[in-house]
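By letter and in written order, the chains are A, B and C; residue numbering begins at 1 in each of them.
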Amino acid sequence: MLLKHLRALSVLATTFVASLAAHADYHVDILPPVTPVSREIYNLHFGILWVCVVIFVIVFGAMFWSVFKHRRSAGAKASQFHENTTVEVIWTIVPFIILIGMAYPATQTVLNMKDTSNADMSIKVTAYQWKWEYDYQQDGVKFLSNLATPRDQIEERDGKVGAPKNENYLLEVDNPLVVPVGKKVRLLITSNDVIHGWYVPQLGINQYGIPGFIKDAWFEIDKAGTYRGQCSQICGKEHGYMPIVVVAKSPEEYAAWVKDAKAKMPPPATVAAATPEAPAGATPPAADPNKKWTLDELKSAGEKLYAANCSACHQPTGKGMPPAFPALDGSKVATGPKAAHLATVLKGRPGTAMAPFAQLADADLAAIITYERNAWGNHTGEAIQPAEIAAARK
Amino acid sequence: MEQTQPTGYYFAPPSHWPVVGSIALFFMASGGVLLMNSYGVGWIPFGIGIFTLVYMLFGWFGTVIRESEGGLFNAQVDHSFRWAMSWFIFSEVMFFAAFFGALWYARQYSVPWLGDLDNKLLWPDFAAHWPTAGPYRPPEFSAMHAWGIPAINTLLLLSSGVTVTWAHWALKKGDRSNLIFGLALTIILGVTFITLQAIEYGHAYSELNLKLSTGVFGSTFFMLTGFHGFHVTLGVTMLIVILFRSVAGHFKPDHHFGFEAVSWYWHFVDVVWLLLFVFVYWL
Amino acid sequence: MSTASHTHVSGALDDHGHAEAHDHHGPPAGFTRWMYTTNHKDIGTMYLWFAFFMFLLGGTMALGIRAELFKPGLQFFDPEFFNSLTTVHGLVMVFGAIMPAFVGFANWLVPLQIGSADMAFPRMNNWSFWLLIPAALLLIGSFFVPGGAAASGWTLYPPLVIQQGISVDMTILAVHILGASSIMGSINIITTILNMRAPGMTLMKMPLFVWTWLITAYLLIAVMPVLAGAVTMLLTDRHFGTSFFNAAGGGDPTMFLHIFWFFGHPEVYIMILPAFGIISQILPAFARKPLFGYASMVYATASIAILSFIVWGHHMFTVGMPAAGNLFFMYATMLIAVPTGVKVFNWIATMWKGEMTFETPMLFAIGFLCLFTIGGFSGLVLAIVPVDITLHNTYYVVAHFHYVLVSGALFAIIAGIYFWLPKWSGKMYNEGLGKLHFWLSMIGFNLAFFPQHFLGLAGMPRRIPDYALQFAEWNMWSSIGAFIFGFSQLIFLYNVIATIRSGKPAEQKQWEGADSLEWTHLPTPMPYHTFVTPPIVR
């Protein structure tokens, strides 16, 4: 069809523009597609782009011709015609036909991308403010995926210079979504708090996660590699800091990864991981859940974990951002009976941004809660032990 | 449609009412914002705003009524009022359409979706049916029965549509006593409607456990019937004004748009009720 | 239409035909002239100044956005404040700048162009304007309350706005008030057009600007109440325990999106149809040739308006509608290209074989034509569901809507100001400054927004304060362009003020090709009350 020729033309033109832009990062194009659907999208876009370019050139060619020829300074005299049914009918019908030519291939792609049946595996994706949770329905792996770019690369305010930025600045996570190539993967996308968007351009997926509803999408990657994306729907303060990284591996490597990941569950931050510079003598709490910790040990581990998990909302200062995010400094919950504090953190507050944090390890939660109860102006002097968390979970 | 302009356009003199009205709304909005966020002081600006608004409405409508009775409005102005009232009512129709749309969407889409196979992952025990208060710890409640108070209210409103028409017919004949009688009857029917509606709400809250917060059913039920009830109240208020004007000898058999506007509005409120009765109570 | 035989071309100044209650001809003195006025010209002027002020304010916020995005990293603002800037920039531009500017044009021009003495309801007209002030105070004031201004995007999607603070309530009530203002304004405009036309001014003789506003006013009456309903539900979800948009109670956040966009899409046409009207007045005037296809222009405008009610789903292709829904909205959206194309072709046919000169209004009109069409094409690209999937909520969308809103709506407004300023103020603006303004705007605008297409294609999401390194280069250029564009608007401001203060007197028919009643029947400067006795149009 017409589109075929235009595709060839577009390849030519893109290589031309790409070579122009080779030096700096002057991307002008959709990123290289790696799934059947995103390839169709890529072609559709370029087909339509070129149709539009051609129409533009014809229409505005005519206009500029007229601007040059029919101007007073070139001696033009105004004619007075103001109607011509024939041309008016033509320029109503011709665009209509062009549009049908665009709609036809687009319809096929829509039907294809909406067909999530016969998937080889499915992964439940839950969005939280501001991280993703991946729950492999068949393989039994479940973990959180957080931004991995250090804060000091981001902050340049108040005269700060900011550390040199990583290559994948803002597009890197601690635990990427790992999937096998050549398998049809169905995503069950939802959210725990507000609307987010799971968007990875190269996979041709951009699907809102809507709290309380499951929406699905699918992809089948045909090339091993790392594909990056971001949350596409404004979801609050850290919306810009909610990247998605998908690593596609061969099925064998994927199987090995699953084994590994299962062994490490729960993989996200443990006290040990989050406190590389933990005070000497602090043993990783995962090692011995029954060990009694001192207040100081818990507090210093808790500070790091608090920074990683809670400070986005409640702020490093504990002052929160009222009225959306309450202050913990001086809060009744953080200074009152322990049970309410434990319940808030373990179960969250349904219907608010305060998500349950039960996925964190007992020792981590113990550290965080101890920290909250003894930081800033809070001085309960209480050390919460991992065993108490374990008990509260029941 | 091909109305054209005769001479004698009435130049409304400069007026302070619009600015007063804007100030009123500013105070009302500020007060409302404070109140909704539990700052008790909000009552002060809110009160000032309401008071100013009422003052403005009296002043403004008073001016228009005086102009009208003073014969300053020609046929063209009358015609303008007709267009304006029609499109105002149309805008009200669209306002209700948003809420009816919400009801339709909830019943037709969101509730069935919440109960479908995929959403079993999130709400394993939810069975989609209507009425519902949603899948999250739904409270026990019952829906309002259509054939009790609501049916009586339907009859009341339908008859009140007849009584305004009667009053209108009397006005056109220049029969003032029947006009006043018809209007009074309409007002009584309207007030009875509102009273019954209040009783119904009390019943819903105390016996049916049906509240504004009872999930999407409670939300749509109370917002639709509530806004309708609010419009009935407005309508009754306007009818009362018209009644007083009729008693004061306003309106002529061939020149009484003030009356007609109110009766149009009343019919509109009537029609909305019929839709409510069918879609909220009955089906 | 252009011929009329009425007696006083010299103006209605000395006409005593109106009601005895009130017998002065010039404006009353002092500030109460503006506060209490019932004169459509005064009200139009106030609308336009208000809009311009809000444009500068919203533009300043846009420059804040562009400054933060000049390079990666957070340099100036906290992310939450950045989101507030984006949100309030959108709201202020849409509800504070573009819409009031068009209402200002309607106030000035509708009575003049249909030969009516004023608007049908002059007092309500004044109220429509004065309602803007409390709304603007609430909107802008929301920056100064605890928690900062609304930061959910101008689309106010729940549950995010449910989380946010007191400022959201202020925003919601501001929207209610703006809605009331727009509804009253539209009722006024419709009634004026349908009921106050001069003898002989049949509907199909009305200038196209009047037609586009008639249709726009219908759109407004139909959708502003729906928006009011939508934000009311937000308010009750926030404070009164309803569950319209909360799945736990059986509602659905998507429901808000449907209701919002049922308003939102017609809303964007509300912001472009009057622009079409202005352009349809300007192009024939400088081509010295009647508008091509007058009737088909009217029908095309009406078709666009009608279609606009059934395309809202194109903002929601990624919410997970069923395939049938996506396809329906895709087809309906694509259809709009047909009537819009008819308009574009008619404009070009109007220029064809004309006798063109290129004063500032004409330059902006031609700029509008080219750039709006680019924006239309990117809209068409977005209408294709699969393509929208990769572009939704990226900078491609930002590029699209600034092409239709800035180089569409705003360019048309600027063109219209240059076109009618001589008539309104009685003075002629400085042509050289006007041309400078045009060329700087052209360069700045395209530099600011064309690269945003590339950013979107490469996957840069919108509403983010910081971005990955591969987006750095185009963002830098975009920011530079935005500053050029922004500051060149100060030339415009200066030019308008200088004209009003000390411009050379303009002629009655400053543009020889202009043929609507305000040019053919009224002197320059115009008297305070015009067409007290209606002209007779043949």
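To be clear about the criterion, a residue touches a chain if its C-beta (ideal position, glycine included) is under 8 Å from a C-beta of that chain, and two chains touch if they have at least 3 such contacts.
Quick caveat: nothing in here was measured; it's all calculated off a predicted structure.
Asker: A-C or A-B: which has the larger count of contacting C-beta pairs?
Answerer: Answer by contact count: A-C.
Asker: Averaging the CA atoms per chain, pick out the one whose centre lands closest to the mean of every protein CA shown.
Answerer: Closest to the centre of all protein C-alpha atoms: chain C.
Asker: Rounded to a whole Å, what is the gap between the Cα centroids of chain A and chain C?
Answerer: Chain centres of chain A and chain C, defined by C-alpha means, are spaced 34 Å apart.
Asker: With chain centres taken as the means of their Cα atoms, state the distance from chain A to chain B in Å.
Answerer: Roughly 45 Å separates the two chain centres.
Asker: So which bits of chain A are touching at least two other chains?
Answerer: Those would be 212-213, 216, 323, 350.
Asker: Among the residues of chain C, which are close enough to touch at least two other chains?
Answerer: 165-166, 246-248, 252, 254
Asker: Identify all positions of chain B at which a residue touches two or more other chains, and write them in rising order.
Answerer: In chain B, the residues touching two or more other chains are 37, 113-114, 135-136.
Asker: Note which residues of chain C are touching chain A in the complex, please.
Answerer: Spelled out, the residues of chain C in touch with chain A are 72-80, 83, 146-147, 151-153, 157-160, 163-166, 246-248, 252-254, 287-296, 318-320, 322-323, 326-327, 330-331, 334-335, 337-338, 341-342, 344-346, 348-358, 366, 369-370, 373-374, 377, 380-381, 384-387, 389-390, 392-394, 454, 457-459, 461-474.
Asker: Can you check the complex and tell me which residues of chain A touch chain B?
Answerer: 124, 188, 190, 212-214, 216, 323, 350
Asker: Quick check: in the complex, which residue numbers of chain B touch chain C?
Answerer: It is residues 1-5, 7-19, 21-23, 25-26, 29-30, 32-33, 36-37, 60, 72, 76, 79-80, 83-84, 87-88, 90-92, 94-99, 101-102, 105-106, 109-111, 113-114, 132-136, 138, 211-213, 215-220, 222-223 of chain B that touch chain C.
Asker: Taking the complex as given, what residues does chain A use to touch chain C?
Answerer: 24-31, 37-38, 40-41, 44-45, 48-49, 52, 55-56, 59-60, 62-63, 66-67, 70-73, 76-84, 87-88, 91-92, 95-96, 99, 102-103, 106-107, 109-111, 113-114, 153-157, 162, 165, 167-171, 189, 193-195, 197, 199, 201, 204-208, 210-213, 215-217, 228-241, 321-324, 350-353
Asker: List the residues on chain B that touch chain A in their complex, please.
Answerer: Residues 37, 113-114, 118-119, 121-123, 135-136.
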